[in-house]
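Two complexes follow with subunit A in common, the first pairing it with subunit B and the second with subunit C.
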Partner chain A sequence: MVHIVPEIIKESVTNLVKNGERTDGRAFDEYREISLETGIIEKAEGSARVKIGKTQIVIGTKPQIGTPFGDTPNVGVLMTNTELLPMAAPNFESGPPDENSVELSRVTDRCIREGKVVDLEKLCIVEGEKVWMVFLDLHVIDYDGNLMDAAVLGSVAALMNTKIPTTKIENDEIVLDYENMMPLPINEKALMCTFAKIDGELIIDPSLEEEEIMGARLSIGMTEDGNICAMQKGGAQPLDREKILKVVSIAKMKTAELRTHLP
Partner chain B sequence: MIIIITNTNLNTGTETSARADKRAFDELRNLKIEAGVLERADGSAYLEMGGNKVLAAVYGPRELFVRRLMQPNRAVLRCKYNMAPFSVDDRKRPGPDRRSVEISKITSDALSPAVFLEKFPRSTIDVYIEVLEAEGGTRCAGITAASVALADAGIPMRDMVVACAAGKSDGNVVLDLSEVEDKEGEADLPIAMMPRTGEITLLQMDGDLTEEEFQQALDLAIGGCKKINEEQKKAIKNRYGE
Partner chain C sequence: MIFVEDKEIVIPGDILADEEYHSGRGTFKENDKVCSSLVGLVAIRDKKISVIPLQSKYIPKRGDVVIGEVTDIRFSMWNLDINSPYSGFLPASDVFGKEKRELNRTFDVGDVLFLRVVDVDEVKKVKLGLKGRGLGKFRGGILINITPTKVPRLIGKKGSMINMIKDQTHCEVIVGQNGVVWVKGEPSMERVAEKVINMIEDQAHTSGLTDRVRNMLAKLLGIEPEEAEYELGEPESVEESDELEISEEVEITEIIEISEESDELKKSEPPEEKEESKEDEID
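Take a look at the complex of A and B:
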């Protein structure tokens, strides 16, 4: 379904940015209110609910034992899947994941994988035969802009909240000990920061109104020591070198700020 | 060859009390309903019942793009029931399966009689039900939440449809079956009704009941519906005042 943005909204949002202002009165480098809860779904081994402004995502993890990929026989598997639920916005439709949903899954996955959030090698049970496969499912229930940052923040929180049974090998059998649960091996808290380009300016945490009229978008994933672990540009307009370098340094501060929301 | 075994005791505990969770035969699980929990949807509701966590959202009345579904004299009410992959013990693969398609259909049939669909010809009212956590009786929880979301969306209705199940577990006719009672019990009878008139808009049954037991179960379920309906009304009053 095509979503039409009235010209008058486009003009008013752009004019505000021209004057250094935003529709909700925020500064260009200011996030909306963030809330994060973990352990909200008892049946999921790990879970989180994240809100950035009115954007809301429920995330659950499900570890299962499976066979590793042939080229990485001693490494566990992380699978990220996103559902842009039709309840989240009037223009979201039910059905197989569309390109926006796949992009969100892949960028979230990339930030977590390349940022080495989970030590996947520790998820190997029997090399070449059995490893833990962690399914990370993101349920977007309310869409009010900037899904990427919410997705990564919530995913890291859900992974930190995840408990798996300890495993022992006895006579060629894997014994799962549910009495002794252990947290997933987490060794990094990589987070993502997204900027929208409006009228040449790059502004952080775009709201829905801003996303609808933005010319381009840049998401930057960063590890705790400030190294970049994932990036994604979206939108049809180009970005220039100076602006990119500027927001990379802003992202360093802002991902550190986001990290304070993690438990 | 590697065999996976687990060493947990899945204790269902029916031996100590008549019901696993020590409820009386006509006692509902803990219930919490909240209206207006989502920003974008026209109406929404969140419901917790025992271990169930269900979210319902309503969009509409709005333009119907699928021409072949369009009704010239009334709106169509479309429902989508969906379970989150993490809502159950073994991860559910995302996307519709036969069960969720059937539940979507009977939910639509259960809600439609209460809505003044004739006021909105050629349009659609879309109801989305998301099960975030499942613990037996999610279809009833979904219908109950969906009616609150419809009311929250300001859609004119004759009554607020409410759903509840009764059944037979361990030889006893009981109200509001939990997951264990549903899986191990002898019969399950979910119903939905319009409490003002007492008209029943959904009725399913599986298992084995005598005529007397059926009547008992039906009366229990009707009683349960009436109690849940009070909570539905409270949820709307909490959001909009008396």
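Take a look at the complex of A and C:
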């Protein structure tokens, strides 16, 4: 179900952007209030709750031992799944994941994988046979725009919070030592920064109202040293070269700012 | 025996009183005790206890005035989202009479209308109408959503709260019973009104709200609170009794009265003409 935006909301938001203002009084390059908690789920090996404005995502990680993929026998497995819970927004339905949910999972996964957040090679236990598989489950429990930044920020926090048991090999069998837990090998904190194009302007961290009327969206994933590790464009309108270069440099500053929220 | 005070916040399952009290809205009786079935504020009227929910969804009622947006155009009617679990419809015959015209030329998808609930049937099909003073399409302005139970608080006693916002911000303000508020004025004033309305929604369950709203308006507009020229002339205790349920009832009866006397008037009037009639309805 597509939510229909009343013409007068479209008009009022666009007019504000034209005058260099936003509905909630923020600047074009200003995030809403961000809060991040980790270790909120006792039963999960790692967890986080992230809030950007009213957007709220709960993330849990579950490491399991499994067989690696044939083409990467010495690399651990990372799997991301997103659940857009019906309680988060009136137009979210239960059932199999829809395109939005798949997009969010894949963009989050891309940012974490290509940003080399987790050192997956260190998750190998026996080459070609046993590796750690890390499942990253994102549950969107409140939707007020900009899920992508929240998803990546929360996922990185949850991964940093994850502890796995150390493994030993005795008589060709893997023994898990729950007494000695070790954190996941994290070697990078890649984060994402999303811009929405409204009336030719690119504004950071779009709220739900802004997301509903935006012409295009650009999400940029960046590593700590400012390399782009993921990029996703959405929406029908085109983006021009100058604008993209400009927002990439803003994204570099803003991801650094986001990183200060990480523990 | 009563276990709670008036205006106390309760949660579902809280025991409110013994058998000598009657169970009102938002409560149920179990083992001769009145219990809350909602999160909300206790309202005690004589021997009747009810709980007014802190948050609610709008349930359409005949005679209410609501703000709805067109979501679909069908062969002979418009479908409207009225911020409720039930969607409403506006028959084309209500707008055109017997004439046949193209529906999308009059109201298109995405338009926002000010309507009256003409009828709600057993299966909650909500029939809407545009007959009445000031009903029609909105042009410009902004929309603000609040919880429908807080609508009476936003209007205030005899419209005191809403008139204060109107006077101070020089905005046109229209409140639908379904919790949608339309504000039109100077863009900066619209923002002020939005902030104030959101504050009222946040703090609707507290007392002394009118004073805080007055101070907030003064602060946002950069004038001294004393300079505010309107007077409510009501001591705080009276204002406090401006309690959610009571004012709601008062208001609805008045709206019904208006609906009876103003049927002959045209729909789709320009917004300027609307203004007066709205005040009538809201007061």
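Convention: the second predicted complex is superposed on the first by the 263 of 263 C-alpha atoms of A that agree within 3 Å, B and C clash if a C-alpha of one lies under 4 Å from a C-alpha of the other, contacts with A are read in each partner's own complex, and residues count from 1 in each chain.
Quick note on the criterion: a contact is a pair of C-beta atoms (placed from the backbone, for glycine too) under 8 Å apart; a residue touches a chain by one contact, two chains touch by 3 or more.
Just so it is clear, the structure is predicted and the values come from calculations on it, not from any experiment.
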item: Combined model on subunit A where subunit B meets subunit C, clash or fit; value: clash
item: Broader residue contact with subunit A after superposition on the shared chain, subunit B or subunit C; value: B
item: Touching partner for A:M253 - first (subunit B), second (subunit C), both, neither; value: neither
item: Which of subunit B and subunit C A:M182 touches, first, second, both or neither; value: neither
item: Which of subunit B and subunit C A:N19 touches, first, second, both or neither; value: second
item: Touching partner for A:A27 - first (subunit B), second (subunit C), both, neither; value: neither
item: Contacts of A:P6 with subunit B and subunit C, given as first, second, both or neither; value: second
item: Clash with subunit C, by subunit B stretch, listed 134-142, 152-160 or 170-178; value: 152-160
item: Residues of subunit A that lie at the interface with subunit B and also at the interface with subunit C; value: none
item: Interface residues, subunit C side, partner subunit A - complex; value: 69-71, 81, 108-112, 138-143, 182, 187, 190-191
item: Interface residues, subunit A side, partner subunit B - complex; value: 1, 40-44, 47, 54, 56, 58, 60-62, 64-65, 81, 83, 85-90, 94, 96, 126, 129-130, 135, 137, 139, 141-144, 165, 172-179
item: Parts of subunit A lying in touch with subunit C, wherever the complex brings them together; value: 4-12, 15-16, 19, 21, 25
item: Touch list for subunit B against partner subunit A, complex; value: 1-8, 38-41, 44, 51, 53, 55, 57, 59, 62, 65, 80, 82, 84-91, 94-96, 126, 128, 130, 132-135
